[in-house]
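Next up, some structures in structure tokens.
Here come two complexes built around subunit A, the first alongside subunit B, the second alongside subunit C.
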Partner chain A sequence: MNDAIVITQRDTVFMKDVDAQSSQKVSACYQCGNCTAGCPASFVYDMQANQIMRGVQLGLKEAVLNCRSLWMCLSCSTCSLRCPNSIDVAAVMETLRHMARRQNRITVPNVEKFWHSFLDTVRVCGRTYEIGVMALYILRSLRVFTDLDLAPEVLKKNKLPFMPHVVQNGGAAAIGRIMRRYKERAEREGVRP
Partner chain B sequence: MRIGVFICHCGSNIGGTVDCAKVAEKAALFPDVVYATDPMYTCAEPGQATIESAIAEYRLDGIVVASCSPRMHEPTFRRTVERAGLNRYMLEMANIREHVSWIGKDVESNTNKAAELVAIAVAKLRGNTPLHSKSFEVNKRVLVIGGGVAGIQAALDCADGDIPVVLVEREATIGGKMAKLDKTFPTVDCSACIVGPKMVDVAQHPLIALYALSEVEEISGYVGNFTVKIRKRAPYVDWDKCTGCGACSVKCPSKKTPDAFNEFTGVTTAIKVAFPQAIPKKAVITAAHCRQMSRGKCGVCAKVCPTGAVNYDMEDVIVTEEVGSIVAATGYDLMDWTVYKEYGAGRYPDVITSLQYERLLSGSGPTCGHIRRPSDGREPRIIVFIQCVGSRDRSIGRPQCSGFCCMYTAKQAVLTKDHLPESQSYVFYMDIRAPGKMYDEFTRRAVEEYGVEYVRGRVSCVYPDGKGAYSVMGVDTLLGRPVEITADLIVLAVGIEGSRGAGELAEKLRISYDNCGFFMESHVKLKPVETNTIGVFLAGVCQGARDIPASVAQGSATAAKVLGLFARDRLENDPQIACVDMRRCVACGKCVRCCPFGAIEEVSVRDEQKAHVIETVCQGCGLCAATCPQGAVQLAHSTDNQILAEVNTLCRY
Partner chain C sequence: MKTTVAYYPGCSAHGFSVDYEKSTQAVCGALGIRLNDIPDWNCCGSTPAHAVDTELSAALCVRNLDNAVKADANELLTPCPSCLSNLRHAAKRMEDPRFRARVDELLDNPAPAVFPEVISVMQGIARRFDANALAERVKKPLKPLRLATYYGCLMSRPAEIMDFGDPENPTLMESMLTACGAEVVDFPLKTVCCGASFGIPERAVTARLSGRILALAADMRADALVVACPLCQMNLDLRQKQAEHAADAIFAMPVLYFTQAMGLALGVPPGRLGIEKLRVNANGLIDKIEAAASGSTAPVEGSRP
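Entry: the complex of A and B
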């Protein structure tokens, strides 16, 4: 796995694509590592944020788009806030995630399943419905006991209502329409919804 | 008029993309041109000889050289035509290198453009007249603004060259930032001990007049004859009587005055001598914290002063000095480091600047050289140095490297180990920049002999851990892993900017400055100490980040420039200046008001008011010529008729 990278044969278009889709200038990164230093999810990353930036600069498309970190990113944007070169690192991560997803590279499928579960409840209620998200996620991932230990405490504090709070006055339906339009467009353009 | 045209190939620089022979061929047909040729290198000796012999052979009375930018070789060719017996202003240059050959590859269009530029130059030359400089007296005294190590060096070198010096320092003592440092890299010798003798030399030199606690208020005039107004701020102590004995500060009851000399790491008395080696060693009262001056009740210092020097009613004094040249050596200040909220800069007591740490290390500092945490006075065990705080950070508009932080951080880490052998220092760095003599060896010694731990990465945030220490969240990019250090003291290597008020001073000096307050030199490489205002020179960090050896070298360099300027008793002005046609002038006064140099005055000619240009003051900017509603003011060498001739040549239809 530590074979020398033949830099002359790298994918030179990759960085330009990332730059164009994220409206950032990845070449501005001088590898200070501040993105990694502040990243709260770095402990589960297989490739640190600064290494991902370097990978994009070097055109290591396979390594970058296949890494788990893209999916473990919390999108908290601490990296963007700290970057001394004002690169929106979170936007670069988001762009890479979209690129990976369009190419069916879902390295951590459970994360995507969670997103779908979350979006399903939003489609119906117009806002999130926590128990619904939990139920759908358990069904999709078959991780039955995941985080179940937290439930009693959360229920006690009344943070997990049994009934969904549906957006009133047709709001939920309107949000549902937005999501339907998006899905139709995705099908038209042949990308994963 | 008989004009000769020389189209330079500049090797392949111009010849590569311009058909020079064809340009010369076309030029031979321009009006008044009797000779045109295309030498390979016109600026070289054979090229210049070609010009000289052509002038003699074809009886030329004006020549056009089409070559590089006149910034480079106009003086060269002016000397050439002068040698051949012509007036030096009977020369015009067409820039066919920077403006043509270097910017386009199409030979045909380049050749056409070059020919057009030559046609313009010929048209202008036809209106040229011989011009002669006027000479004026030089006042052989120099003003040095700023008494840091660069200013001290410039002042001493000028004074040793028998030039009287006026040295103006804003603070109560000279010595600048160097006097605040504990040790200097890479030799780790005592800073105050090496700058101290130089400060004494300034005080004792018979040719140096020192104005401490003073600022330049106003500057007028021009090279050779500047008039400078200096505001001497009131120290509320008669310095003629004060002996610097210090009895006043011993008795002063206002003992909680913030100590600016110690970078606010400690408190002091309202009346004090800045530090033991201060020059001048005179007491100053901080008015805002003096009980007598703020509340009208105290007067202890006046009672104890053995010479009766204290005077609470003192006022600022403005003095006027006449000098012939000015050296700006105003140094730097730290940028506003409190913008680094993620480091708790300015909020957490144990997150301090490197300059504050320098005062903690110093024997004359608030802790007498014992490293103690500002919060609780304990000795720190784990010390974290964070570099590039306010340098190389585009997100806060500071893209530049501050230059010396890598070295002083290594020095401070080494000193920390000397002071506290049980301590451990960590340095977060991005790159170690140590290009000076023995510099890189020094940083290696810090690592190998003093056990300083260098971590390659930046720090994201610092927060108190609730147990009196601080958590530093950093990264080791070499391993690709975040790192966390629990530290007792955090030292930030804060980036620098031009000294407070540098912009205002630059405007008084009529020199340029950049967005970080650093003064602009005349040419980055070839004129590093000159400015665009003749007679004003730059020394030290006021021009850009540099360390002590470079500042001293630049101080000496400015002295060489001043001595060179003063080697002549009279200076010659540039005759490309404005002149007023008395018959057309209606004395409206617009030119007098618009002149940025105060070079136009109203005079009475046969009982009529007329504008008159003071030839030695005029800088030839042309504002008056553009402003004059009568067309009475013309700029010699660029008259309206010449400019119109140039335009007509280019736009014939």
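Entry: the complex of A and C
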């Protein structure tokens, strides 16, 4: 990261795009490292939060948008709170994740598969349907043994209803329409929905 | 202005946090706070929606806010910090006309100009009952219990959106539990992340982060962790064995919703608080409270499971 940077790999408008989409000023970062020091997910990051901020400043678009950290961010926003320059680092991370997704850069596919499984049940029922989320996630990820160890407890405590709670009075269909319009617009704009 | 309250239970209220819902209803019932559901409410989109797209997330939230407005509500209570965060973020982002226009495109009809204020059930109770008012209503003091409070990330952060006191050291739950008679420890990890929604796709992350919280609560000799978030509760309670396995330790730490702890203090029967739904058995805590309330001085040895 700190090694010599190949000038031709720098994207000079990248920081401007990130600033505009996140309403932040990434150039204000002076690398104090508070964001990284407080990050609970740093132990699974390939690029630390402060390195990502520096990467944005330097226009290292490829490195930043392909990094695993964007997907492992827990959105706890401890980084934003502790930034001495009041940069909402979590908002920058979310913006970068949105940018990466729109360009089909999915570095940690299972995380995205979980999100889609969740949103699929909302699209159909208008509300989350937990067993449906699990079933769809297992199908997508082929991780057949996901949380199998929890099944006996969950069944014993009767915590998960087998039937989905569908929003009544046309509510589920209204959510289906919101999701459809979102998908159609994303396709129109040429980005991953 | 008269306050008309609407209630947004959130999806988990009908799923894995049915005990939170039950105890919220019981406590609000005991305090005379009426909770009328927003008609035909839908999912707020939770983490997956805003992780994918903030406009989609806002559209899902705004439909709920719109239904609350149609029900004449000017205050919206929700027990779940994730729902609270999404609803408050959506209302804030809708102040930007360009954002609002993009969200309106996704909705059946344009969003209303003004939204009701969205606050947590915890704040809703605190607004109506200060510590003294709560203490007056306590029937079975939590005196024998040493509790650690855990808020998670979303209740207090980002500070400018959530407006929940100090974003790294909120103290509302402590005030309420102290009013209920409990001894509350000063818990340093109270707003440090439990691993959130990574329990399914990245289990090791959640097991490690939750394990740290449970280990500290055990080290501080807390009888239980008290939480306000369905996802935190699931990570700390239902997934406690996964955290124990990762940490190679036994915690056996009961994890109660704050409404369950308050309910016990207000004299609500445990059966109406969903205590039996907790994976880590909390009956030992009830025995201690009962023993203290009946004036028994007999030691309650080995009551922790």
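Basically, the second predicted complex is superposed on the first by the 180 of 193 C-alpha atoms of A that agree within 3 Å, B and C clash if a C-alpha of one lies under 4 Å from a C-alpha of the other, contacts with A are read in each partner's own complex, and residues count from 1 in each chain.
Here is the rule we go by: a residue touches a chain if its C-beta (ideal position, glycine included) is under 8 Å from a C-beta of that chain, and two chains touch if they have at least 3 such contacts.
This structure is a prediction, so every number in the text was calculated from the model and none was measured.
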item: First, second, both or neither for A:Asp17, with subunit B first and subunit C second; value: neither
item: Touching partner for A:Ala174 - first (subunit B), second (subunit C), both, neither; value: second
item: Subunit B versus subunit C as contact partner of A:Tyr182, first or second or both or neither; value: second
item: Broader residue contact with subunit A after superposition on the shared chain, subunit B or subunit C; value: C
item: Touched partner set for A:His165, first subunit B, second subunit C, both or neither; value: second
item: Touched partner set for A:Thr78, first subunit B, second subunit C, both or neither; value: both
item: Partner chain(s) touched by A:Cys32 [first = subunit B, second = subunit C, both, neither]; value: first
item: Contact residues common to both interfaces of subunit A (with subunit B and with subunit C); value: 43, 78
item: Contact set on subunit A toward subunit B in their complex; value: 28, 30-34, 36-39, 42-43, 47-48, 50-51, 78, 82-86
item: Of all residues in subunit B, those that touch subunit A in their complex; value: 342, 388, 392-396, 430, 456-461, 473-477, 480-483
item: Complex interface listing, subunit C residues touching subunit A; value: 11-12, 14-16, 18, 39-43, 45-56, 59-60, 63, 105-108, 153-154, 157-159, 167-168, 192-193, 195-203, 205, 208-209, 238-239, 241-242, 276-277, 279
item: Of all residues in subunit A, those that touch subunit C in their complex; value: 40-41, 43-44, 72, 74-78, 80-81, 88, 90, 94, 97-98, 101, 108, 110-111, 113-116, 118-119, 122, 126-128, 130, 134, 137, 141, 146-147, 149-150, 153-154, 157-161, 165, 167-172, 174-175, 177-179, 181-182, 185-186
